[in-house]
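Structures given as structure tokens follow.
Shared between the two complexes below is subunit A, which pairs with subunit B and subunit C, respectively.
Coming up: the complex of A and B.
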């Protein structure tokens, strides 16, 4: 009953659709940013959106979403371009150029924000909401704008899929094939700025970088192809958007944007730990499996090569456990040696002999 | 073989100069490489070997110079040029397969919007077969060994079916088997009339591998047929102080390079 009520709630619908759109655009574009090692570029762009928001308000005098998006797109892209130019033309490294751009643009934004607050304009109420987002204030008309941007961006990406992929993997080679790599790279960066613009209302300028990086980082763990990575990243973005919005609505009063980011982070942590092949847990399991396999092979090898020498029961816990395991599997059997009465000895069964021969053959191939 | 046998000039460079932060990296390079040879670019570290290839391909800005490929400006001849970059130039953790990387070699031919289809897939598989990697076509590139990655890059250039191939240290950090395999493929290409221009760092194998040589140290020290260029005087000029080491082992070095 409560769920039905929630689903028909106008504000909740808006927030959920907005969060899904954000996930849909920030996930795929975040993949390119992460693979191009420009994860933090999203951070610089989103912080640099603040002066654009303020300038647009000063010029138009209203909080209209269209103007604010255009303003933030301009300053965000400007910051990205300046940053890329600094790294290309000066001796500044990427991290330094990025840090400089991010903080300077953000500082200008804060100065403009306080200037606007000082002018006592009645309609300025809530401009600072763009710092952390204000999902509940999302209007249907905002959603149409966000949706169009998302659709167009994804269509462009699909049309130039080959170019985007090759430039991301090997830009220099792409250039020898005659591709305009600079233009493609600039477009990919501009599209990240578009994703940031879509997220302004939902999560705000400060936390937006997480929506660029987190879905992509989680998706990389689960995918073997670029296309799959993009699809999974979009899925992760949507799931975290929707669950963040739901938790926020159910809990009454907890901020939506940060909750979306926290959900995305939780998915990243789970992915880093559990993803098959690349996850940490997988690595640990593989290590112990290999260790056990090697121990088994060494034991079989020893029993096979030195069959005539009586084997006393080994003293370490690990090897005793391995011997028992091999016994259970039917490879070895415990025998009483007549020469050494009273001591336990181990011998290979017929099945064990066969397995040991394989192991010995494999070892000899390795040694040769 | 007389010089007059080389009828066609595959690559012609005039007055190429490249500088990086006011430091000349390449100075006034004039060079002609005939078609159908396997040419080695040899010189000490920092001599500008890789930079030469990159500036020819327009990947590094040059201060002056013009590059002609088979008598026409390079910009109009891109389709006839294949490039095998250094293996370390890309991030091999990129989520894709060996086959997909090889297919990328066909992107130039496909034009702006056409997607690779069955035909392209078969061509890429053929190229992988040539480098002995057909069983690993669907393998993630992050799981390939260094030598296998190098072969994937070579296959990607092969699908381009170019006339001139530039290879940047293809033998760096690969095992002896892979080096052997790469050299065999390159020789087959040369025998089919292609021109191969290879940055190489191992003087021991220079005489065995290449029939044409460029000795480089910022300037062109010597260029021409391998037996005419691979002389101790030229080597001393190219390697400067480091030649002392070469000099002591001179006899050894020449003996080793004769091993076929």
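Coming up: the complex of A and C.
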């Protein structure tokens, strides 16, 4: 009953749709940013959205979402362009240029924000909400704007899929084919600014960086193909957006943005541990399997070469466990050996002989 | 007379601003040179987490405990980043982009939960309020000295003491880490110490300028200095001078326009960076253009015959 009530709640519907749209756009575009090693560019662009928000407010005098989106798109792209210019035309490295653009644009934003507050415009209230996002204040009309931006971006991405893919993985080859690589790269970066714009209302300028990076980083673990990665990233973005928004609504008072980001981070950690093939956990399991296999081969080899070994011979715990395991598998058995005056010894069974011969043959192939 | 000067609001604010700049650009210089500037971004965001945790444990909002807590948080950020990157599953920059938003989010949520009895709110954490530093003073030598000024001066001294003590080691570790390692200078250890100082500086600067503007003070004067000189010691001097100039000009502009003082100071560092970028004597864009044009006009001498 509580769930039904929640689902029919107008604000909750808006928040969930908004969060899904955010995941849908930030996941795929984040993939390109992460693959092109521009993960932190999203951070710079999102911080640089603040002066755009303030400028649009100063010009239009209202908190109209369309104007705010255009403003933040302009300053976000400007920051990215200036960053590129700083690295191309001076000897500053990418990291310093990013940090400088991020902090200076944000500082300009703060100055403009305090300027607006100084003018005592009645409708300026809540402009600061864009710092951390204000998911609950999402309106239906905002959703239409966010939805159309998402749709257009994804359509453009689909139309230029081949070009985007080639520029991401082999820009030099793309250039030799005569593709306008700089233009494609610039538009991929500008599209990150679009994702940031959609996320402003939901998670705010500070945490938007995580929504670019986290879904893409998680998706990278599950797929080796760009298409699959994009789809999974979109899924991860939607799941973390919706669950973060739900937890926030249920808890009444916890900020939505941080919850969405933490959900996405949790998904990244799970992916790092469990993703098939790349997961860290599988790596550990594989390591122990190989170790056991090697120990088995060594034991069989030794028993084959030395026929029987007195059971009393001091052995490590690991090798004793392996001996018992081999006995269970029917490769070896306890025998009475004439060589050691009738003491209890380990010896190969017929099945063990055959297995050991294979091992010895493999060893000798390697040795020769 | 000094007491009179200090009770004026302008001087303490300008002094604190300049001190923030001098202390942060000292560590920022090494970050810029090593290509790790974005770590200052990561650290300045994630110490929000550290500040809240230390506050929950000790109920202290500033002072030595907070500085140590911040140093540990900075270290935690870097270690987590390196642990993630060392799995080879994500790249270094992606790892940074994963770690600090997560820590920052936890910090903000904790603030959310304990908001009713925490004095620090998310607004202060992000923006700081340098205009109010003169409200919080302690008596030293019979003078009311702003607390922020004391903590920033301590951090400036600590930073420069560290740099002074290990100057040649730091220099070598920055420009040739491999050689520094063969000499047994432990470049990675030096680097961790530097990052701990960075986070302590960030937390000391917090009350005054907040998380994001700290990045401006750490990176921008150092970057501008990097465009102006090839000498390491010169970078510190230029960085400090730019900080002082930004602090003074930023304060008066902010008062004139009635805007955020810390924000305006950070914007001024950006103005100096732009000037250095365009008009630097050797690496500036204009200088390069002039040089190129002169080279084009100069008659091409035929290769002298042997």
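The rule we apply is simple: the second predicted complex is superposed on the first by the 355 of 368 C-alpha atoms of A that agree within 3 Å, B and C clash if a C-alpha of one lies under 4 Å from a C-alpha of the other, contacts with A are read in each partner's own complex, and residues count from 1 in each chain.
By definition in this document, a contact is a pair of C-beta atoms (placed from the backbone, for glycine too) under 8 Å apart; a residue touches a chain by one contact, two chains touch by 3 or more.
As the structure is a computational prediction, the values presented were derived from the model and not from experiment.
Asks: With subunit A superposed, do subunit B and subunit C clash or fit?
Replies: Fit - subunit B and subunit C, as placed by superposing on subunit A, sit side by side.
Asks: Applying the touch criterion given at the start, work out whether A:220 contacts subunit B, subunit C, both or neither, answering first, second, both or neither.
Replies: After superposition on chain A, A:220 lies in contact with both partners, subunit B and subunit C.
Asks: Once the shared chain is lined up, is A:159 touching subunit B (first), subunit C (second), both, or neither of them?
Replies: Once the two structures are laid over each other on A, A:159 reaches subunit B alone.
Asks: Using the touch definition from the top, say if A:268 reaches subunit B (first), subunit C (second), both or neither.
Replies: A:268 contacts subunit C only, not subunit B.
Asks: Just checking: does A:43 make contact with subunit B only, subunit C only, both, or neither of them? Give me first, second, both or neither.
Replies: second
Asks: Regarding the shared-chain residue A:290, is it in contact with subunit B (first), subunit C (second), both, or neither?
Replies: neither
Asks: Would you sort A:351 into first (subunit B), second (subunit C), both or neither based on which partner it touches?
Replies: Touch status of A:351: no partner.
Asks: To make sure I follow: the centres are taken over C-alpha atoms, the vertex is subunit A, the ends are subunit B and subunit C. What is that angle to the nearest 10 degrees?
Replies: For this superposition the angle at subunit A equals 90 degrees.
Asks: Quick one: is A:172 in contact with subunit B, with subunit C, with both, or with neither? Answer first, second, both or neither.
Replies: Touch partner of A:172: subunit B, not subunit C.
Asks: With both complexes superposed on chain A, which partner does A:229 reach: first (subunit B), second (subunit C), both or neither?
Replies: So A:229 only meets subunit B here.
Asks: Enter the shortest inter-chain Cα distance between subunit B and subunit C once the structures share a common frame, rounded to whole Å.
Replies: Result, nearest C-alpha distance in the overlay: 9 Å.
Asks: Both subunit B and subunit C touch subunit A; at which residues?
Replies: 37, 91, 220
Asks: Which residues of subunit A touch subunit B once you look at their complex with the stated criterion?
Replies: 35, 37, 91, 159-163, 165-166, 168-170, 172-179, 220, 223-226, 228-229
Asks: Quick one: in the complex, what on subunit C touches subunit A?
Replies: Residues 32, 35-38, 40-41, 45, 84, 87, 89-91, 93-94, 96-98, 101-102, 104-106, 108-109, 112-113, 122-123, 126-127, 212-213, 215-216, 218-220, 222-223, 226-227, 254, 257-260, 262-264, 266-267, 269-270, 273, 277, 283, 285, 288.
Asks: Quick check: in the complex, which residue numbers of subunit B touch subunit A?
Replies: Interface residues on the subunit B side: 21, 54, 57-59, 78-79, 81, 83, 85, 89-91, 94-97, 100-101, 104, 107-108, 110, 112-113, 115-116, 140, 156.
Asks: Where on subunit A does subunit C make contact in their complex?
Replies: My answer: residues 34, 37-40, 42-43, 47, 86, 89-100, 102-104, 106-115, 118, 128, 131-132, 206-207, 209-210, 212-214, 216-217, 220-221, 253-255, 257-259, 261-262, 265, 268, 272, 278, 280.
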